[in-house]
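As written, the chains take the letters A, B, C, D, E and F, and residue 1 is the first residue of each chain.
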Amino acid sequence: MSAQQAEMDVYVALQRQLYQEARLLSAEQYDDWLAMLCDEVHYEMEMPQRRLREDKTNNWAPIKTPIFNDDMAALLMRIARFKTGFVWSENPINAIRHIVSNVEVFNTEIKDQFLVHSIIEVHRSRLDAERKRLTAGRQDLWNKTATGYKLLKRTAVLDDSVVLDSNINFFF
Amino acid sequence: MSAQQAEMDVYVALQRQLYQEARLLSAEQYDDWLAMLCDEVHYEMEMPQRRLREDKTNNWAPIKTPIFNDDMAALLMRIARFKTGFVWSENPINAIRHIVSNVEVFNTEIKDQFLVHSIIEVHRSRLDAERKRLTAGRQDLWNKTATGYKLLKRTAVLDDSVVLDSNINFFF
Amino acid sequence: MSAQQAEMDVYVALQRQLYQEARLLSAEQYDDWLAMLCDEVHYEMEMPQRRLREDKTNNWAPIKTPIFNDDMAALLMRIARFKTGFVWSENPINAIRHIVSNVEVFNTEIKDQFLVHSIIEVHRSRLDAERKRLTAGRQDLWNKTATGYKLLKRTAVLDDSVVLDSNINFFF
Amino acid sequence: MKKLDDLVDFKTGRQKRVIYSDPAIYEEELEKIFGRCWLFLTHESQIKEPGDFIRTFMGEDEVLVVRQKDDSIKAFLNTCTHRGNRLCKADHGNSRKFVCNYHGWSFGFDGKLNGVPLEKEAYNDQLDKSKFGLIEVAQIASYKGLVFATFDETAPSLEDYLGEMKWYLDIWLDAMPEGTELIGTAMKVELPVNWKLPVENVSGDGYHLGWAHAGAMTVSSSMEVGGLAVGNATADNSGAVSVAGMNGHAVLAALDGQSGYGFYPDPKMAVDYLEENRATVIDRLGEYRGKRMWGSQINMTVFPNLQMLPGLNWFRVYHPKGPGKFEMWTWAMVDKEMSDDLKQMILNNVSRTFGPAGLFDNDDGDNLQAITEQSRGWRTRQMDIYTNMAIGGEHSRDEMPGVVSEGLICEQNQRYVYRRWLEMMQADSWADVPSYNNLQEARATEAK
Amino acid sequence: MKKLDDLVDFKTGRQKRVIYSDPAIYEEELEKIFGRCWLFLTHESQIKEPGDFIRTFMGEDEVLVVRQKDDSIKAFLNTCTHRGNRLCKADHGNSRKFVCNYHGWSFGFDGKLNGVPLEKEAYNDQLDKSKFGLIEVAQIASYKGLVFATFDETAPSLEDYLGEMKWYLDIWLDAMPEGTELIGTAMKVELPVNWKLPVENVSGDGYHLGWAHAGAMTVSSSMEVGGLAVGNATADNSGAVSVAGMNGHAVLAALDGQSGYGFYPDPKMAVDYLEENRATVIDRLGEYRGKRMWGSQINMTVFPNLQMLPGLNWFRVYHPKGPGKFEMWTWAMVDKEMSDDLKQMILNNVSRTFGPAGLFDNDDGDNLQAITEQSRGWRTRQMDIYTNMAIGGEHSRDEMPGVVSEGLICEQNQRYVYRRWLEMMQADSWADVPSYNNLQEARATEAK
Amino acid sequence: MKKLDDLVDFKTGRQKRVIYSDPAIYEEELEKIFGRCWLFLTHESQIKEPGDFIRTFMGEDEVLVVRQKDDSIKAFLNTCTHRGNRLCKADHGNSRKFVCNYHGWSFGFDGKLNGVPLEKEAYNDQLDKSKFGLIEVAQIASYKGLVFATFDETAPSLEDYLGEMKWYLDIWLDAMPEGTELIGTAMKVELPVNWKLPVENVSGDGYHLGWAHAGAMTVSSSMEVGGLAVGNATADNSGAVSVAGMNGHAVLAALDGQSGYGFYPDPKMAVDYLEENRATVIDRLGEYRGKRMWGSQINMTVFPNLQMLPGLNWFRVYHPKGPGKFEMWTWAMVDKEMSDDLKQMILNNVSRTFGPAGLFDNDDGDNLQAITEQSRGWRTRQMDIYTNMAIGGEHSRDEMPGVVSEGLICEQNQRYVYRRWLEMMQADSWADVPSYNNLQEARATEAK
């Protein structure tokens, strides 16, 4: 709570940025999306664990299990796969919607770098009447640059301990 | 992406406008809603198709299949039906919530006319424990007028290729 | 509709406030949340009824049935229960997300007091693949004070006539 | 399944509610009805070019319907013969071949297995590809643009299956020289309802129109339809007929020549079209059908799951998805001769009246869902329900085939639809299924 | 279903887990238990005026309970006798008539079919409306404000069904001259749980209170309740009793005259009410019930699905929705004499303790759901579970009816509830169901 | 269940689709396969310290696997012996005891019932706690770090159950002196798929790699894997083998000593590790396994639901959740000797290739789901599907146990997996289940 809220114009600008990013991702405009990322971007999501509150021992899984743990090269590889035209599971397109809410923006120690909290829900329409929905929280670092705001780091937390979709052919 | 973002005050005003519109629709305040529409309003939603990406032939369904394809007269007719008191399926009221997110506002070539993207999810509580939820994307044109912002055109896209509710006795 | 919209900076500030509040509640930071409440806070949610539109008689349930009807003391009691460490149903933590949307802010007759509409969806991940989701509308009164905005009154309406979760070990 | 006997009683118009909810009865329906009857697949206009295809269902079985090089049409189970993967995931389109996503087996749009990756290296050329073509339906045939298929090779010909219903179908399919076409794509809606309930409804239930649809009729009715009135305050049955007894097929028809467009708020453009072309139609169908029926509000039911409303230009098929669920697919069907403007106007009106957000359609779902739900409770499911309106009014008319009762408001047709349902369910094979292609015969049977 | 024998063993307090998950057993329950027993419908106070109605369930069957002109009460299956549509979709209200949404058949609130649209034009006045009234339950009766019904006309009278339980029910229903009323509307919650588990719990499970509800007790307990302690550190069974053997009904009761409000954080207002009125109650119920029981923490169970906690003023019924699902409906029940302020205070406290967001209720759901889930696995479902606490402690007391064990913490009641369950499930008809309206007889039976 | 005979035909590689959808067959599987076979529980490295536990499943039964004080491992049904509540809701962790949330019964992590609240006051010390300990599995045993259990006390020893498969398992489990460990936590995904389909796939389906995963291979393949090529344009079966006939267990193996990392975009770090340690491994496993197999792309299947890919370091178990649903749990398994950097790199790559968002894994779900769905339709479910590739190629090799066919692309293994499935389903007890721990014997059997 002690974190300091960013100026209103920064808040509004980043809120709009996140909505725009969501629309680009839903539309598979990956090149436009890449233009929103820093070259040193780090994009991660890890598998949630259900543990007892009182169980603080660390002999359990000292290593975090990643769903995503990507640098720019890894992101480019995922996008390259989509572009091969061989990803049969995405043909026909599974209509997808990236629903963003609860955008919060805070200043950080670093000038022109902002901490951004948000929630994302991904809705997908699959074959016929089948639907999938995944909910996740996100904590981002965005840098303000001459060419606009760029994503430096995203840490997402999936709100399920069992993934309820047969693939994650998309980004959060 | 090339579209130019509207000024902040316009963005905020239209964001508030869409939220207010949603609340009016959820509350069946249709006359208040109509006051938000241009007389020449065009309100449309079409049925999604699942086609192979590579299949660009147009010998398939050259005509678009509308779920809504309404001018003001058609909208008035729908609302008149609700007001007859004979729409048994809406009595008792099915508690409905219009959840709006991802509002984006861009300038257009036309002064005081704005392109507005948003996502809408409609949640309905039906008899006993039954629930329905429909998700759609919206692309609007809003005109700034002396009496406030007015909706000129709405193009909605339903995120299902099979409609998962037994009626659409509401607006998106 | 006649209600007058609050100034833009107030609107934005309270939108941010509601998002922050949601994050605190999801993180069980109850003390921080309490700091956002007026001492005279009234927090209520009542059980929806499905009645025929034409049935205006009042010999039916003149008394409202509350899901919440809490003053500060009652809220403190709920939080005290969580803190006992004896609430087995919340151990392990059920990952929870408070998704807020449709924030609207209006002035009231009282200076520095604002009427705030919003929608909240609570997503919970329970054991293994089990999920729960509850949707509700909220109407708040927030006071602007020297130490920030404080919640004076919240009236929430659950969008189900049957509660579809086995407990409500959280706040809306 | 002799026990079925007490589930449906033709004479009294009685049904036991359990037929709308019992899983065992539903399983039996998949075999005895959807596994045997001729089922609508598509309209030829939907797959004009070689390689045009549509993915649809026969019962719960998924099929691909594909236009062939020689302009014929084939239908295949939409599943790979190797490990059984779904072959095509598109709803429709045009494709030269269907390649399976799992191992890449490639089938021509004629169903032949053409390509097997590594046929030599992995299969040592031992795979007899001719044995692994796609599985075709047992019979496929068209009637004036409508394509049907059956899984049963012993089923009668499509012509015999349709029987006297053809006389009515022609009022739409053969009225104009160039025939009909479906426009746009299917409007698909899933409902938690037993599939027989919408069939029963459209087959003969003129009774519900004035009440269930009172709101829609109030705002959008533009002319009198077969004597109906908002709120069912009054009704005039003189100008309309219910016709059934034709192998389970049924017709509900006004006889005024225009009322088909009565539910369009502004039908002028369509009515003008009718009058401009009526002479042609009379030439082709004769006075009676051309004057009194073409353009009238007519409900046509082809047993078990196809229904059409010429005039309104509404066309619908139902795909069962379990005892308590189905998908309904709705299209606008038009005469090819119609102008593009008229076609667009018709599509808009079909959508606005009976589409997913249709003023009329939105009135039916809750009722049919409720009937389905009220067929489950232990006590309620033991209750009988009735379609006993105007029993005894059945007669014949020289000017039209089938068993006739007067008016749109009459439950004769539902009784005949359920009689057919019972006949199909009780028959061990098509040999046991009576044919009613001859009216005398049909009446004789009732006499019994 | 003799196989049921090994599912429940009264002597050892054993149950097989499969009774919480097997679909066939559940189907049997709908017929043998919910199809036969007297089931709670509503409280007379909920439908005061003619035309007041409530929509509720008997098993999975939906019923409308309606106050009549002559002040009597009728209950009907909530389904139209024409095509079976749900008749009323409101949860409750007041209505002069029930008009079906499908075709407009209109039923008086006495169940008579009064209006049939186009009765003359369409039915040619051939419809015998007297045969198409709403379907009534087999028997309906009230006991001091509580309305019950059964689908079985051979069921014993409500008085006989309740038997010796009436002596306990009167402690709430007949304590004050004006009797009781339900206030507010039902708090409805759906749980993925077998319906027997909450019944078992409230019937006799004082044992879980100190542990499962430790958090809630810590923050909201205001006085000692029948010897319970947070964390079950200690327990004093001397001041309380478990009572069962009354046709499956059961009672758990502290004997201090105040502890009913022990879970209210601030019970003063309620306790004052008790003491102000205790003299009156002693007049009406006598010393023992008036002094020691009225106001005490008491759990009452009316087999199979009604439970009440006088004192706490909590009132709940369970509606099964399948082997692994039920809806529970909770109300606050109060004495009519209470002031509006006290009634509001009680409603708030009932909601805060045992409502959808109740401090106590929110502790039970996960446990009961887990038991239901753990009755499904192939190996786990073969396991036995036990209610064998204090076996052998059963005795009788001159001052009260029923089979008694000491204390709130004792599993006697659950054993008797499951015995009744087995008796109902094994009986071919009510003739085979033993009555325990006479304690000696009851004891004799146990002796066997 | 003799009818099963026609469901699977070993000689022709035929299966009936109904085995992927029929609920009765699935119930039979829970008893005959998951109720009898040795099932993987955990890796010893996941529960190092006394009190370390993991919550997992055996079939649909929930079990707790707990490290004991004496370093042994026990497995219990995760359910309280009192009223059957779920005992532990955590996925894993460390705990001295397991206390039930319902009434506070406290079990030691050795399964003993240690504490019963109010044992004296409520149970009058009559409860024989020794009879209410947690229910243990029938047998539990480890093979070089992998912990297995069975519900069947008549099952053969784990060593006999694994039989000749041990020779292959050792290539991973026994290659390096310190053995293996699982790192991180399980990546859990629920799929609407029958559990046999992924098992079939990984057991022998090298055929789908080049096609189904063409996109992933295009972007991430860094070296040739057992003769596979993108799009299955070509294939070279000389450098790889399919091995089966080992009690249902199976192996798919390239023989190059490096290709296991062929799907890692940048495998250098891993490949260096292989070459640095190859000498050690040759010492331990001998030339053939050390040179040609250690580090190769290898798929190992332990019947019925455990699969491993050494080299890729991928480890997966499947938990059935009904005929059309399962959960798959995936880990990275590594050699303890590996550096933390290498372990992290491997975990990242396992996740990136076969995790919930894995480049490869995301290609399989839709295919397997579609096969499951296409096994339900009334007509489609009657279809046979085949695993008949390279029938007749089975032979033996002196250098390795089991029935061998050449190449990764060959459906031999699937045929043997389904043969084992049929043997288990038809056996009345383990006495009827053939053992193939001796190759000659195995071949003899096929000869029949």
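We take it that contacts are C-beta pairs under 8 Å (C-beta built on N, C-alpha and C of every residue); 3 or more make two chains touch, one makes a residue touch a chain.
These figures come from a predicted structure and were not determined experimentally.
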Joint neighbours of chain F and chain B, given as chain labels: A, C, D, E
Copy pair chain E, chain F: interface residue numbering same or different (half cut): different
Distance between chain centroids, defined by C-alpha means - chain D, chain F (Å): 49
Whole-Å separation of chain centres (CA-atom averages), chain A against chain C: 27
Distance from chain F to chain A - Cα centre to Cα centre, in angstrom: 32
Interface hub residues of chain E, defined as touching at least two other chains: 86, 89-91, 101, 188, 190, 212, 231, 327, 366
Contacts with two or more other chains, residues of chain B listed in rising order: 12, 50-52, 85, 88-89, 91-92, 101, 127-129, 161-162, 164
Touching pairs - complete list by chain label: A-B, A-C, A-D, A-F, B-C, B-D, B-E, C-E, C-F, D-E, D-F, E-F
Footprint of chain C on chain B - complex, ascending: 9, 12, 16, 19-20, 22-24, 26, 29, 32, 85, 91-93, 95, 97-101, 123, 125, 127-129, 131
Interfacial residue positions of chain A with respect to chain F in the complex: 45, 47, 49-52, 55, 57, 59-61, 63-70, 74, 77-78, 80-82, 84-89, 161-164, 166-169
Chain B partner contacts - residues on chain E that touch it in the complex: 86, 89-91, 101, 188, 190, 327
Contacting residues of chain F [partner chain A, same complex]: 48-49, 52, 89-95, 183-193, 212, 214-216, 218-220, 230-231, 265, 327, 343-344, 347-348, 351-352, 355-357, 359, 361-363, 365-366, 369
Residues of chain F that touch chain E when the two form their complex: 27, 30-31, 34-35, 58-62, 77-79, 81-86, 89, 101-104, 117-118, 121-124, 126-127, 135, 151
